[in-house]
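Quick heads-up: structures coming right below.
Shared chain: chain A. Partners: chain B in the first complex, chain C in the second.
Showing the complex of A and B:
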């Protein structure tokens, strides 16, 4: 397993070195978006990270969120499990969010409210609404189902594949289309611009400070700008690690009441 | 490991070069992390071995109507006027977790300073699969929204009805909770060594329908609790609550059991001879399910209230609580973006209602028997704006069988991470003064709260 990882890493590294000088034919669009999806949301078998968000409104007033995230891919499927444990601000401290993500259907989501010792199941709802008060949408973190949009390759530059995605059900989302700049080396989207019905870009999402962690290129910063309201949210990650062997039992109701310090604490 | 590191460095270097050359990502925002460099909250950086937090909250409310009964008793036309300082302390000591939540309240209605201990517990794991919490704690289960069938943990109705934060509806229990997480089934067992009652409307802030003296009935503010005897002996007057829960293909099922007492004193047999009201013995058996359905969540819950002390002899059929079957069904979904709708149907079916009616008829108060089937509809509308910082909410209880209602409009604005301001009301009405919500019509109130967290 380890050998495989190292080999693939070396091959990847080689490809990274070479790609600057070689002009390769672009892979099919479906492969680009699939690889981008894998790189963005499925790196490793599992992973942990800590995140803090700075939410700034149009008047420059800021709010902060801080949380730890554990993630595990369900083997042999595109399903995933997430556990998000909040530590800041004090209003959210001890609040825990558990998600069983199922791209083919609605995600199952639970929220634990420590003041009431209450496990609340959350109705599916619109995924393109604020995640805990940020300009980031729930869908930005959990991933958007690739089948909901039609994708075309607009342009290939030295560094990026530039894709345009148009929703198959335009009424279901607030954008008319979005354009994604996918880094050719890491397949991470580094910029996504959302365009409204009148052709204006009103929302920009960016990934930056990409570091290779445990062999997986990982953005350590993310930003979403809401050009309509004038606000933005910056997310910083740290303590990222992959392939820890987190057991399935971590992603169950027990962790809502009794978050698993063993996996949440930084190693 | 060496290869890993080398590869990592190599990859990072290549990418750093690549990124530096990219006009798309070389924006200076990504460097702005330094601005809030030391700002991560780290447990290890705390000055104490435990964490301290909490809030300070000012809350005030006023009656919408003259309420003579309460005015006469407390001499005030408001039932909420307080400043509350909450301290939360929690930490770990070896394998033991502990948590303390205490409120210091300067209360303008009671004209007193008091401390309220909301939580004082230790928690630990027993083996791989069992968690234990012992001490004062808030406990909640069941699927209803502000309707409780199998959750017989103490409720603070008074706090709820006068406009304190909704969290305060749940009162604390002094209990031992053991939870065992099996592969398929989670078992919860809660033992409360000595019965904890509800904090029900007791005349000091809310009037209610009751005996006004002699055999007259009307709105009164007489203290009920002074005239009630609570089961208080150890261990005979304890409570046991049990839950078995499982999840199968996305559907959550649960079975419940309870052995204890009615949470409000509703055995009036001894009062005829000048004695006190009592909390009669109650056993409850129930079940619930919750599942995704269409665009939302569906839940259903049922409970059989086995009123063990029910006595059908003569007047006693009206003086002791009957057994009941309680059922609720609910559906919760996002109707349009940021507007959430929850609807519930609730039914209380009084068994042996004929006996109850006959007993009241013999007492000359047939209408007091109420309906055999008490039905209730609720809706919760929640609309959020400004990414959730501004939240409008309306919770409505409407009973077609009792012809009464209870509306809870509220608006909450999160000014910052620290400061939240809320305003709202508790509005009651009904055709009859003696119905469940109708009796509180004169208690209708509006409130304003500001909470600063630290």
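Showing the complex of A and C:
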């Protein structure tokens, strides 16, 4: 779900239709998961968004990062491409991340540091590491592979499907399980609680301020709380739009040194 | 006075006993509430400026007390870099992370940190240094090669020779360190590797000290009681007679400790010694009373009358010896060190309790004994005295000793002068130094761990230099003035942006720092841009640029210049060898820069510009442990911290580091506006040590003057007063002189002893002079005859007293902890020496001018 969730929503109207018509039984877990994944990460063919991220520690000390995100789905697959361009604070202006997401294998990631004029590939590694110092992980941004966890439906309320997911390879991640509240109307996960080995919830992720943009339900705010350190990160989104027809060329290494202003600027 | 009081008590013995029992019960009930405090930091009061700063620094940079665990393998050719050792290291790290009270995210070990490296051309990789336990030697070799490229970990997490690895385990609070250390030991036992493991670090030392302190109190204090009991039994040969002082001592100790605990004071290393101090002190006065009683009492006498006479005679010396002792301890209140103040204050209380019990309880106890018992006791005692007298007749050692200085005063005084000269030289050689780790004996496992780990690593003792950029507020003021100009300009165009601006300025007021505030302002302006009228856009953009530039300017420690200065300081300190190693933001940035650029050593440099530094750091923030950054710099980049690793906890070592930094700063001024402050446990130890030396000089000086005034008042003679102070002055000078000569460090226990031993050892001079004056009356003014008389029974009493006290402190030698041993040796020798010096030196000075000293009572011969 997330950060770049910019984009979210799924086949919005269709979802409404579904939830309206299926009053009796919940869809199978696999379907809920799949639709939530779609709603969170794959809304539209492509999309753009401006994000402002505020990282706060337990003492109220803050760091802010502002960036624009372009995203495009690779047609006929679950692969995606992201371009993240930093605008503020000024010392990060022009810093760019390019991600070619490939759920079936490792993602390809590039980084451009303008002051050093360096393009670097980022080696595929742990995806549960911080994104530029925030309490948000790379994996929160690009989505966790659905097949890495076992999912079960814990509960169905008036508004939510409550799912519990347990990693198939427990040693590979820092959580023991997580619980997701999926909005029945939009299929957007609105709350995820991560539980550690001793059964404590230590990390909470929330999606809020859901607006329908270009027909796609889109959370305009997301928040991750790190209960262990007492810090949190809030991301606000603006200037969201979908189905812009962004060309593939935007998502190449060329864009690292020359960010595509025509797509980044709001129109 | 003494007589009246004694009669009053003897007539109400039941009431006296009840009162004593009630006091002991009421105060003794508090003892189970005992709280132990072994934190050397508490040697400074909570408001002491250095301590406040130290805590601010720790808070600011998220620094915690750390246990250091060392793993050593000297058998394998690659040291710990073999699959088994690394697997054990990995397993140990994971196990410690799970322990309750360990701050897992800040734990440092090779199995918990990142490796940043080039993974192929143009690719940077942040990955765990040991992602999983290695299975082959090749993997172990790869880990070794990787860690050797990371300067921040070399000498810190792994020794240069590869034979040892270390874990730094941060704790939520230091009072759990003993438990954590035990848990770590039990994990280590289950690891099944041949590697040696050592656990050290200041919190373990402190907590372990607390545990062993209990043992000391449980062993040494009762042992002291037993030894005193046996010594008295030897001297007095009467169980009932000896039991009274023992009861008195117990009542005193229980009441004092009960009051201390009941008043909410923690039992610190100092106050844990109260029982062992009080016991001999409490006993001594009653010994005087009882031996005098035994001396006078004849079967058939009325014990009430005899005791009345005894108290009449002894009231003054008993009162004054107690008061001088109390003053000696009270002088500790003038030190700026809270635990020492508590120690001094409560011992004084105990001394007063003992005094009251001697004056009230002892007479009441004595008259309650059966007549036969008293008769038997008096008989036995006198037989012993006669035997002693017989043995010492003329040829007795004491007698000879007494006559010699009277005959050859010049020789004695010459000797005294010689001793003083040597002592003064010795005192100048005294090394002021302390190190809480050295409070353990050399064979203690903490000392061994300390030795092994500090030989192999850069050091397990930490200090922090906090660098602070000042003048940030002024920068912000300047920025506001320049924005005002932009607003004025807009106003001339007919645009009123002022109210919007001041609204945003107010809205940003809650930020944690000026930099945060400017960042918030930038956000607010950015938001405002959407609503602002089109004509105002350009002005707002300009203001936004100004705010952004202003914010960037506050981020001092993003400047390569600032980092370079920290790096120079670090290199200087490492090169001069005063520290083992230092780590700062500069090391981090250089390492990341190297791996970003090429991975080659030539790129182990700082980026040229602040933005380059910022972007390097941004890259690091995507690593596994982005928060490690904040141990080195604050989030607003206005303050930075340099972590110094010292291979020794000696205050002298810390002191040399401070000097070296001061000299470096004088020769190489830091970037403009940067100020330095110190923190860290090792530095705090240095601070309280300094306060203590000064405080003790004060205490010693004030105790000396007060006791001197008391002596002058007691003897109503300036000369006698000065004379009474002489033996203990010589003694203390001589003992400190010897200490300087043999190279014993002047540390906390030694410092505390100086002023209090003054109050204790003056007792001998009081008794000697008082008895000499009485004898002078007896023999009709012949001072030599009076001297002979004094060197009979009174001198024996003095020696006996000295032996009881000195012996009473000896059980401290059995203590498992060095400070207690030091106190034992030191006090025993002060007591013994000052008793001898009193008997040896006083006659010599009196012989010089008997009439001048003793007054008209001396008849010319």
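One rule holds for everything that comes next: the second predicted complex is superposed on the first by the 243 of 267 C-alpha atoms of A that agree within 3 Å, B and C clash if a C-alpha of one lies under 4 Å from a C-alpha of the other, contacts with A are read in each partner's own complex, and residues count from 1 in each chain.
The rule is simple: a contact is a pair of C-beta atoms (placed from the backbone, for glycine too) under 8 Å apart; a residue touches a chain by one contact, two chains touch by 3 or more.
Because the structure is predicted, anything quoted here is derived from the model rather than measured.
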So if we stack both complexes on chain A, do chain B and chain C clash, or do they fit? clash
Just to be sure I read the superposition right, which of the two partners does A:154 touch: chain B = first, chain C = second, or both, or neither? neither
Of the partners chain B and chain C, which touch A:60 in the superposed model: first, second, both, neither? second
A:214 contacts which: chain B (first), chain C (second), both, neither? first
Of the partners chain B and chain C, which touch A:111 in the superposed model: first, second, both, neither? second
Touched partner set for A:191, first chain B, second chain C, both or neither: first
Pick one for A:126: touches chain B only (first), chain C only (second), both, or neither. both
Which positions of chain A sit in both the chain B and the chain C interface? 52, 54, 57, 61, 63-64, 66, 88-91, 115-116, 118, 121-123, 125-126, 129-130, 132-133
Would you pull the chain C residues touching chain A in the complex into a rising list? 98, 105, 119-120, 122-128, 510-513, 516, 519-520, 522-523, 526, 548-549, 551-552, 555, 558, 593, 596-597, 607, 609-612, 614-616, 618-619, 621-624, 626-627, 629-630, 634-636
Within their complex, chain A touches chain B through residues 6, 9-10, 12-13, 16-17, 20, 50, 52, 54-55, 57, 61, 63-64, 66, 87-91, 93, 106, 108, 115-118, 121-126, 128-130, 132-135, 159-160, 181, 183, 185-186, 190-191, 206-215, 217, 221, 223, 234, 236, 238, 249, 252-254, 257-258
Residue ranges of chain A in contact with chain C within the complex: 52, 54, 57, 59-64, 66, 88-92, 95, 111, 113-116, 118-123, 125-126, 129-133, 138, 197, 228-229
The chain B residues in contact with chain A across the complex are 3-4, 7-8, 10-12, 14-15, 18-19, 21-22, 24-25, 27, 29-30, 32-33, 36, 39-41, 53-55, 88, 123, 125, 131, 137-140, 167, 170, 179, 181, 186, 245, 250, 252, 290, 292, 295-297, 332-334, 337-338, 340, 386-389, 414, 416-418, 420, 453-454
